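Would you mind keeping the following structure in view while I ask a few things?
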Amino acid sequence: MAGHVIEDSYSTAAIRIEDQDPEPSRPVGEFICNVATNDWVNDEYKLISLDVHEKALTAAAGQFFHLLCPSPDGAEVWMRRPMSVYRVDKQNRRVEFLYKCEGRGTKGMSTLEAGDEFNISGPLGIGFWLKPEWKNIVVLGRGVGLATLAPLSQLASDQGVGITAILSARNPDVVMSRDLFQSYNADIIEVLDTDGSSEVSNVERIIQSLIGEGKADAFFTCGSNRLLNLMKQMGKKHGIPGQVAMEQIMVCGFGACYVCVRTFEIDGDRVLKRVCREGPVFNMEEAVGW
Amino acid sequence: MVDLSVKIGDLTLQNPVTPASGAFSWEYADIIDLNRLGGLVAKTICREPRFGNPTPRMAETEAGIIQSIGLPGKGINYFLENIVPEYKKFTPPLIVSCSSEDPEEFAVLTKELSIPEVDVVECNISCPTRNTTGGNFSLNSEHTKSVVGKLREATDKPLWAKLSPNAGDLVSIALAAEEAGADAVCIANTFLSLKIRTDNFKPALGNKYGGMVSPALKPIVVRMVYQCAKEVKIPIIGIGGITKAEDVVEYMLAGASAVGIGYAGFRNPSALTSIIDDLEAWCDSRGIERVSDLIGAVDDDMEMDTLNAASAGV
Amino acid sequence: MVDLSVKIGDLTLQNPVTPASGAFSWEYADIIDLNRLGGLVAKTICREPRFGNPTPRMAETEAGIIQSIGLPGKGINYFLENIVPEYKKFTPPLIVSCSSEDPEEFAVLTKELSIPEVDVVECNISCPTRNTTGGNFSLNSEHTKSVVGKLREATDKPLWAKLSPNAGDLVSIALAAEEAGADAVCIANTFLSLKIRTDNFKPALGNKYGGMVSPALKPIVVRMVYQCAKEVKIPIIGIGGITKAEDVVEYMLAGASAVGIGYAGFRNPSALTSIIDDLEAWCDSRGIERVSDLIGAVDDDMEMDTLNAASAGV
Amino acid sequence: MAGHVIEDSYSTAAIRIEDQDPEPSRPVGEFICNVATNDWVNDEYKLISLDVHEKALTAAAGQFFHLLCPSPDGAEVWMRRPMSVYRVDKQNRRVEFLYKCEGRGTKGMSTLEAGDEFNISGPLGIGFWLKPEWKNIVVLGRGVGLATLAPLSQLASDQGVGITAILSARNPDVVMSRDLFQSYNADIIEVLDTDGSSEVSNVERIIQSLIGEGKADAFFTCGSNRLLNLMKQMGKKHGIPGQVAMEQIMVCGFGACYVCVRTFEIDGDRVLKRVCREGPVFNMEEAVGW
């Protein structure tokens, strides 16, 4: 376990790679990782790969970590940022995140270089689950939602489930996660704003034909309200179950603070659920689009 | 090895480090050993179910956050049936925070919470985001005295009153709580704040106002603890901006008998237990035998000659 | 090009950015063009010479500083003879801050300062480090009313009253100042704080207490400005934690007509003029024609349905 | 002039190397410099060399800059740190600081690497001055005080004044500024704790003999109260004028805030003066030791 140097600005017992896990029975840890790589994948997104303590490798598809981002500008970044795991590489003991550089936290993250330390805590929340009866699934994502959906391909592949990934993007340059889906033998369909193929009506046609081909035992989506509403409606019509990963501003990540609530609809009742604890992956039929 | 235990009235805490209400739940057992804490402090509950405030409930600020949760919860029955048993899986005393805008209902709630499983009733009379003008009893010493008096009648449990840093003359409020029979005062809740977005001219929080939480505020709250400790006899739980063992020491020197920690557990979920470890190490390295010896031990006998002071080195 | 001018009563400032008293002097002309400022605000002066408080007068905290200077100075005569001429080398209005613990002496001082070279008398009735309990008139609305009333009688100059964030019910204090004849209120002075060193158990400042200054505090003071702007009719000068043009905008949206800046000029001595440049650019890029249109322009009409709010995206 | 990006955490019009000086008539600037080197000179001290805007090159011996230090630990460093100029290298357009790594600010400073940006403002305060009638001066310093005294050798050398530098230190490894004094042909006398030569009585003997040799037209000191008291007393006895550089915690650096006051004795009266404005170099006879 890391020494607690009380001269530091904050007390922490974060676990370093070489430490023995001080609490092996607990599912979550606060880790000090080492950055392996942190590279641009296109103009807006970076992929960060972290050497981690093996405890962090238990992260499942759809679960997230809470990242303590370094400062982009000298002023402290006060809150952690939630990011779903993009890839767990057990062999090299790494976890990866695909992220969009937007605000202060993610900009700070983008300054990290190989060898730098990075404090992350997790894995947190409930990830995607696959039912044994699902033989083929359809994954539909856009933008950063693809980062969240990507590890589904690994999970499905592990369980011998066929996967069709519909990747929506503004233009071919920003289609993300293509390689990762490909490496797990997913069928890939790209739909783009540039050629109009990303329009809802076209995506609907594509899904309709996948249903026809028997390739849609379950739906998965993330990253676009428009696409969520489409899948939800098609799922309802065809009786196809689905899951969606949701986002909300977070504070604790553990279910304690009730900052991260979103509205869900269960049997006609509107209720609040915590994205960090009851999610971030929810039953699609309960999700309320915005 | 230092004796870390402290007494709050008749109740002994194994160490002075407790989580702050609303910033903690049994779910933190996913990462730390809750049995190591000085106490378990549940999120403030209300008698009836509440949704809480509109989102967004948190916004980052220059140094810290403002938040406005609005005390969501499923009400007293759900709490007693489902949440108390979760806490009772752990050994430290259970401190249940509760609140109401109506003194009569507040008293009933307090009574209903006075079951054997509950060790302390903490009355949150200072939630800044519920009602910014009235209702927030601890802005006023008369209101404080009257509501705490009612709760005192309703329970035999140790009764702690959580006070507001937004009150001007906090000492008189603390004295009112003491007079009305509180066994301890918790200083303090959050600082009423407002953030306006310059992109759309709207308040950043769904509830407009929020309570500010930040390590930055510690010197203000330490001052409040110090001022109150000079005047009240009941123990003080110092809460605000603690992120390391030395901050616990600072609050104790100022007069606190124990502390509550919120933000630090958000930033570093392993913070609470590591602060306890560090506190132990800090005391041991200085030969302090009882952490309780630190309570009020500030050396505040000052050189008051300006010229003498200004001829000393840096 | 945006019109940056604002009016504080009958006085027009060429822009809303002024330095905060005690954090500025003509000596800053060594680095910036003082003629670009909205006003020149001199350090609070007292009638008699004072050494001020013992050193150390500043200590860094988790996020910001606490400081306790104790209003040192060479008294009114020196001020009039030597310091006013320094300021009169520059064109913006001269705002002279003054203070006293005795209302009668305060009135005399105000009268003595009412010379043609002085454009505004700012009464500092809120210095937290002089006397933490009494004397600090603006902790109490009666005291505020009575002292501001006396000063009002003593001068025909525009009279601004600088209020304390340590008061609980700041709105009633601002109303008292207004009623007593203040032409504007400055919100706010510094937050009373205490830092205790854990190495030697002593307060970190020579004067024990100090006033906290930090960008961290901005959301608290913005809230105070917003609350007061809803109730008082006289203009408000917002002071606390401003470090960039957007902070000026935020204060103005909350209801301030102008702002005062201290800390930012310590951190970045070229800050004040660059904030003015940035403010101009910000307004121009948004097509805002008069910066004064921002005053009180917050869009505070909120969605109050929790479930609706929580079904919207992040 | 630098663009004012208001999305940054702080507004500033700091001057970069390539900028035109926006205020040529003003003596002080806020500069964004580039770190050229930042190396350890011994276990405790580092020397940082900065590429600066030429305006910063006007710094005189004994003047200081106010440095906005980066964070050593993720938490912001809120106040600037005053440091006297160690060397101005007009040819290479550099200024250098010799500093002791102690608290958060100086530790943050020690993390700076070549190419990093560093915000400094100055030059500030009143430096050392040499009167035409002084042909030989004695400089006595210890510890970090030597950093402040070092540029005197340059000044003296420029004006053809002879200099004897008594460098006091714990042991030979931490004698600093030797090279710089040497490069300006100062006579150097090292006195050490390890062999007892740094004792006041021995230093007194050394100074006494310098006086005897006519090499002590003026005294200069910094960094040790003990040595200040010695020089002050010897100066008084022999009618030798002197200057001392003082330190105090600062906030503004411009004379505005009155945080940096120290006590001085003028004609028997004790008065307060601001180290940043009336100093940091003061008449030795007025200085009050502590």
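By written order: A, B, C and D. Residues from 1 in each chain.
Heads up, the rule we're going with is that contacts are C-beta pairs under 8 Å (C-beta built on N, C-alpha and C of every residue); 3 or more make two chains touch, one makes a residue touch a chain.
Predicted model, so just to flag it, every value in this text is computed and none were measured.
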Quiz prompt | Common touching chains of subunit D and subunit C | solution = A, B
Quiz prompt | subunit A and subunit C, separation of their C-alpha mean positions in angstrom | solution = 47
Practice problem: Between subunit B and subunit C, tell me the centre distance in angstrom, where each centre is the average of that chain's C-alpha atoms. | Solution: 31
Self-check item: Interchain centroid distance [CA atoms averaged], subunit A/subunit D, Å
Solution: 54
Quiz item: Could you state the distance in Å from the CA-based centre of subunit A to that of subunit B?
Solution: 35
Exercise. Any chance you could list the residues of subunit A touching two or more other chains?
Key: 8-10, 75-76, 248-249, 261-262, 272
Practice problem: Please list all residues of subunit C that touch 2 or more other chains. | Solution: 51-52, 55-56, 61-64, 214, 243, 246, 282, 306-308, 310, 312, 314
Exercise. Treating touching as the only link between chains, describe the layout with one word: line, ring, star, complete or other.
Key: complete
Quiz item: Can you name the residues of subunit B that touch subunit D in the complex?
Solution: 62-63, 306-308, 310-314
Quiz item: Any idea which subunit C residues touch subunit B in the complex?
Solution: 51-56, 61-64, 66, 70, 132, 139, 166-169, 191-196, 198, 200-203, 206-210, 212, 214-220, 222-223, 226-227, 241, 243, 246, 249-250, 253-254, 282, 297-300, 302-310, 312, 314
Self-check item: Residues of subunit D that touch subunit A when the two form their complex
Solution: 8-10, 70-71, 73-76
Quiz item: Considering the complex alone, what residue numbers of subunit A touch subunit B?
Solution: 4, 6, 8-14, 23, 26-30, 66, 68, 75-76, 78-80, 104, 119, 121, 248-259, 261-262, 272, 277
Quiz prompt | In the complex, subunit C residues that touch subunit D | solution = 22-25, 27-33, 43, 51-52, 55-58, 60-65, 67, 69, 72, 214, 243-246, 264-271, 273-275, 277-278, 281-282
